[in-house]
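First chain A sits with chain B, and in the next complex the same chain sits with chain C.
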Partner chain A sequence: MNPVLPRIAARNLLRQRKRTMLLAGAIAFGIMIVTLINGFAGAFIRNVSENFAYLMGGHVFVSGTEYSPSGRRISVIRDTAVIDEALASSGLRNLRVQKTSQVMATLIFEGKSIRQNLTGIDLGHSSMLRDRLMLLKGTWEDAAQPDALIISEKIAKKLNVLPGDKVIAQFQTITGQNNVGEFRIAGISVDSSFIGSIMAYVQLDYLNSLIGIRNGEYMSLGIMLDRLDRSGTAASALYVTMKSMGLQLFERKAAQDGNAMTPFQAMIREQTRERWEGTRYRVYTIDEILSQARQIVVALDTASVFILVVLFAIVMIGLSNTFRMAMFERIREIGTMRAIGVQRNEVRAMFLYEALFMALAGSVAGLLLAFLAMAGLSLITFDPQSPVFLILRNGHLSFSLPPLRALFNIALIAALTLAAVYAPANAASKLRPAEALRTVK
Partner chain B sequence: MAIIELRDVKKDYLLGKVTVPAVKGVSFEIERGDFVSIAGPSGSGKTTILNMIGLIDIPSSGEVIIEGKHTGGLSDRELTRFRHEVLGFIFQSFNLIPVLTVRENVEFPLLLGKTRVPRNEWDQWIDYLLEEVGLTGWKDHKPNELSGGQRQRVAIARALITRPSIVLADEPTANLDSATGEQIIDLMKKINRELQTTFIFSTHDAKIVSIADHVIRLRDGLVIENRRKGEDVNGTESEE
Partner chain C sequence: MNTRPWKFQIQTLTLICLLLAFAMSVQAQARPSPQEILRELDNLGNFSGKDFSAVFTIVTQKPGQKDTVTQARIFRRDTKKQFLILVLLPEVNKGQGYLREEDNVWFYDPSSRKFSFSSVKENLQDTKAKNSDFTASSLENDYTITSMTEGTLGKYPVWILDLKAKTNEVAYERIVLYVRKDRIMLLKREDYSVNGRLMRTTAYPKYVELEGKLLPAQILIVDEINKGEKSQITMTEQSVAPIPDRVFTKAFLEQVSR
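Entry: the complex of A and B
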């Protein structure tokens, strides 16, 4: 291809600066909007997963289920040594673990009651909880007491309690018997939206004693890794290790077998279908629990492509008309070029180069604008109690744009621009030289 | 052997539903190295004949033979290549590429086609032509920074850059004042002598016609005079 043609194309763009700026601006706007959506979607799943991971105390979880003599399914890990051994043998490094038990309870204080998920952990030593939970009232020293209860600010307001107040918790033991326990408010925390508002923390040993789990046992083990994206491989490694140790395990890919919406649901359904002796373990990740959040990301990404195409359909009409006009304006030039030896395909290529350069310039400008907008938006600090808190990173909006996604958007824009300009470019290439030279503008 | 031969060439244009005959059966030959004037009033068919010789328009009937090649059955690609290799064009309105500098405009045809010339030879040839047309000091200027005469000089250099055997000039002096027009014709004549390039130009300026080696006069799409210098109007050698 003649090297002078791209040069002429580039200079033709500069020749009509205002027109070029307008069209490239329209392309830039489209790219900016789509990049912002992609950037948001890219960070969305990571932020939601990280926030949930902190709320739930892990990226990877191990839980145990057994049947009681009466046939009731009980969630408990009794042989804690075997889990510790599996963890040690799995080769997983840089991890923090948290043993938890949970029960849904009704908290009662001076005639007021509210349902809460009581999570029993080692409050005195859980660095994971201390890292993320900010106490508005009360202290971590108080939280180390055996009957300590940490509740969210919202729940504290509803119950009208203050640190030091004693509340009654009503719940069922793992065998289904009704029971009550007394807790003392040790801390009131900043809650992290609706999930935070239904989470309350108590001492693991005390909760176990109340719900019928022996000392040292627990319901599930949360494993916090150094990186969220390693949760899948870490879970697989642990699963393989536990399997090799001869432990009973729920299949990790049960979703393929049933009609469940998520792998986690599939695992739960599998549990209801079967009956077994002893403890059967389940290894799952935060991503499997939140796979529906992934569907939101897919929806956002799909929407972004749709928006890009719709926005660009409008721009394409403008591009096509503008290039038709440009063809008419340059008709004598085209005639001259054809006369002195420029082939038809080279005339077409010249217009297509022009369109391509405009698309690339617009795309780069759009990306830069999007990055600026992202930087600006990520400076905004959101209230921790804001409903969007779960999608935030440290209280700020965050964006993550996979490079391939940006390249795809640019390639799509370039392809659509070339498609829009092809017809006028082709018409220009088919002009007969004498006719073009004869045309009076 | 004639470098150009037209055999009963006709050209009709369709204007709406009306067919307008622009050239009504023209035959003539042009010798290699001649300085040829196609003269006649407006609408006589000068530009149409030049366009057909230049292979940028196709005759409705008849044959255009250039350098012994029958051009009738050539495809658009072949015609374009042939134009590039054999023909040079000079237009009334100069028709330079506005976004290219003087040097780039002159160089442009060299970048077309498949024939490649060594770079230093290429540069020397461009510099030589720019010097010939007196634009060495203007090579980095854009066409809109030049006068009409200078633009036409650029067009002449561009027409010659591929060393064509034929240069076609459609009323090359029409948009110039008479003094500049004369300079342009003198320049064309000088190049015609030096490079033995066949020049064919259309004009209705009698003064310019007088310096041509060969005059083809048209009226209403027909040749009314076809005379080489030293021949009388009937084509026989004059006593002069």
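Entry: the complex of A and C
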């Protein structure tokens, strides 16, 4: 390779600064848009998973299902000791656990009613809940009372309740009987999101007694790990341990068979098809519940490639025409170079170098612009009650660009640019020196 | 010795005993067994061997809100425990439906064209009526009688039956029925929660006769928890004409909803 060619190419680019800036700017704009989309998609699934884990109180979950004598499926974990033993034997470290029962209830206060998901937790000792729930009114001491109820600010406003007010909750027991319970508002929390606002917290034992679950039992165990990305391996370790203890389990591999449904949905479907004796356990992760959200990421990534190609189809036409024009502008120069011994492929390479340098410069500028835009967008604070809160990180947009994705985009841009410039470059290389020198512009 | 007063006393006593025994036997004949009453109530609400259809109009009142009108056409085939409830009003929910096949109840939403799992214990739309209010009655199977007393409801002498659920899977743990004495007709029903709180009171002020069976033509359901909320159900177009088999299918629901 002739080392002079890249230098000539660079010089040619600088000779036509305006034109180069315009073309590189178009490339930079395309790269910036695509990088922003990729960055958003990269952070999307992580943010959604983290936020849901926060709302549901765990990265990994264990639940149990049994059949009642009449064949009704009941969600309950009765042998709590065996789950504790499995957790201890699984080798999982740095985790916090939370035992919960849940029921959909209608909260009623002075003629006003609203549907809420009542989550039973040990309010007196749950550090996980205390860490993530900020009380606006009421105290955690009040929340330790047996009939305590913590609701979000939005729901408190709708029901017009204050700490100390008694509300009635209407719901069904695990066997489907209608029941009613009285709760006293112990705390009003900050709405963490629109999903957070449909969740209310009560004492586990009291809720269990109302929905027909015996004291000490619960519906689901949430395991919060130190890192979200450990959830898959942690769930597998727990699954293997429970299997080795001879417990009945829903197959985790069965969950991966279905294409149209999430692994979690596949697991639920398996449950509806089978009958068994005793309790069968399910071990699943927050990622499995949210795996449909991954399809959104795939869709965003696909859309970004499509946008890139469409933008570049337009840019390529511009590039091709510009380089064709450049060829005619430099026709005598090319003739001179050919006359003093520069080979055809070297002329072609010179044009291609120019295109490549322009693509790289535009890409780098586009990446820098995208990073600046990301930083700017990250500064915007969103309303915690807005529906987009679930895709945010601590109330702000966040971006995560996988390096390979950025490299792929740059490579794609470079390839498309070279393809666009190849025809004029080839035409320039085929010019006869004598004819080129005779040409008068 | 004069034995006449003694003899007179014996005769009087015998007469009293006979009168008492007669009165008791008459009383016993007039007092039906509680099981018989339950069986008769179930029988009145059961159309086994025949199909049943009717249009129910439900006006629901909630404090501070405008009254809402829900109308649904109901098709029942009690022999196979099948029913199909097709929502006609409000216009926004038109085409929604509930289909029962054996113990499964499916809810169909034409806007999403999807079926989702429901239950006979669920409320019909936003009314105080439950899907089970429109199905065949099974009181005798589901409940045991804890007491039967006499009383009056308005101007009617009634039997008051206190029932307890046989299993923990029926919607209400305890129900109290007020059944008219002179003709077996349910006049009032109270439904209680597991922890003994009155949840719902249902009154049956009007009946119509269809094929020799008395059917409530008007039902008033009062929500005792949400004070002031109630639904009034009116039945019209009741019929026992045969219903085609295809009506009790998901395909039918999808077709009529288009």
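Going forward, the second predicted complex is superposed on the first by the 435 of 441 C-alpha atoms of A that agree within 3 Å, B and C clash if a C-alpha of one lies under 4 Å from a C-alpha of the other, contacts with A are read in each partner's own complex, and residues count from 1 in each chain.
The working rule: a contact is a pair of C-beta atoms (placed from the backbone, for glycine too) under 8 Å apart; a residue touches a chain by one contact, two chains touch by 3 or more.
Bear in mind the structure is a predicted one, so any value in this text is a computation, not a measurement.
Chemist: Clash or fit: chain B against chain C, after overlaying the two structures on chain A?
Modeler: fit
Chemist: After superposition on the shared chain, which partner residues are touched by A:68: those of chain B (first), chain C (second), both, or neither?
Modeler: second
Chemist: Is A:115 contacted by the first partner chain B, the second partner chain C, both or neither?
Modeler: Touch partners of A:115: none, neither chain B nor chain C.
Chemist: How many degrees apart are chain B and chain C as seen from chain A, counting from C-alpha centres and rounding to the nearest 10?
Modeler: 150
Chemist: Between chain B (first) and chain C (second), which does A:176 come into contact with in this model arrangement: first, second, both, or neither?
Modeler: second
Chemist: Contacts for A:212 in the overlay, against chain B (first) and chain C (second): which applies, first, second, both or neither?
Modeler: second
Chemist: Touch test for A:337: chain B only (first), chain C only (second), both, or neither?
Modeler: It touches chain B, and chain C stays clear.
Chemist: Could you grab the smallest C-alpha gap between chain B and chain C in the overlay, to the nearest Å?
Modeler: 67
Chemist: Show me the chain A residues, by the header's touch rule, that chain B contacts in one structure and chain C contacts in the other.
Modeler: none
Chemist: Would you tell me which residues of chain B are touching chain A in their complex?
Modeler: For this pair, the touching residues of chain B are 51, 54, 56-57, 76-77, 80-81, 83-85, 88-89, 91, 93, 95, 97-100, 104, 107-109, 111-113, 158, 162.
Chemist: Which residues of chain C touch chain A in their complex?
Modeler: Result: residues 63-64, 103, 119, 121, 165, 167-173, 191, 193-195, 197, 199, 225-228 of chain C touch chain A.
Chemist: Looking at the complex, which residues from chain A come into contact with chain C?
Modeler: 68-72, 106, 108, 111, 113, 168, 170, 172-173, 175-181, 210, 212
Chemist: Within their complex, state which residues of chain A touch chain B.
Modeler: Within the complex, chain A touches chain B at residues 2-4, 7-8, 11-12, 14-15, 332-333, 335-344, 346, 432-434, 437.
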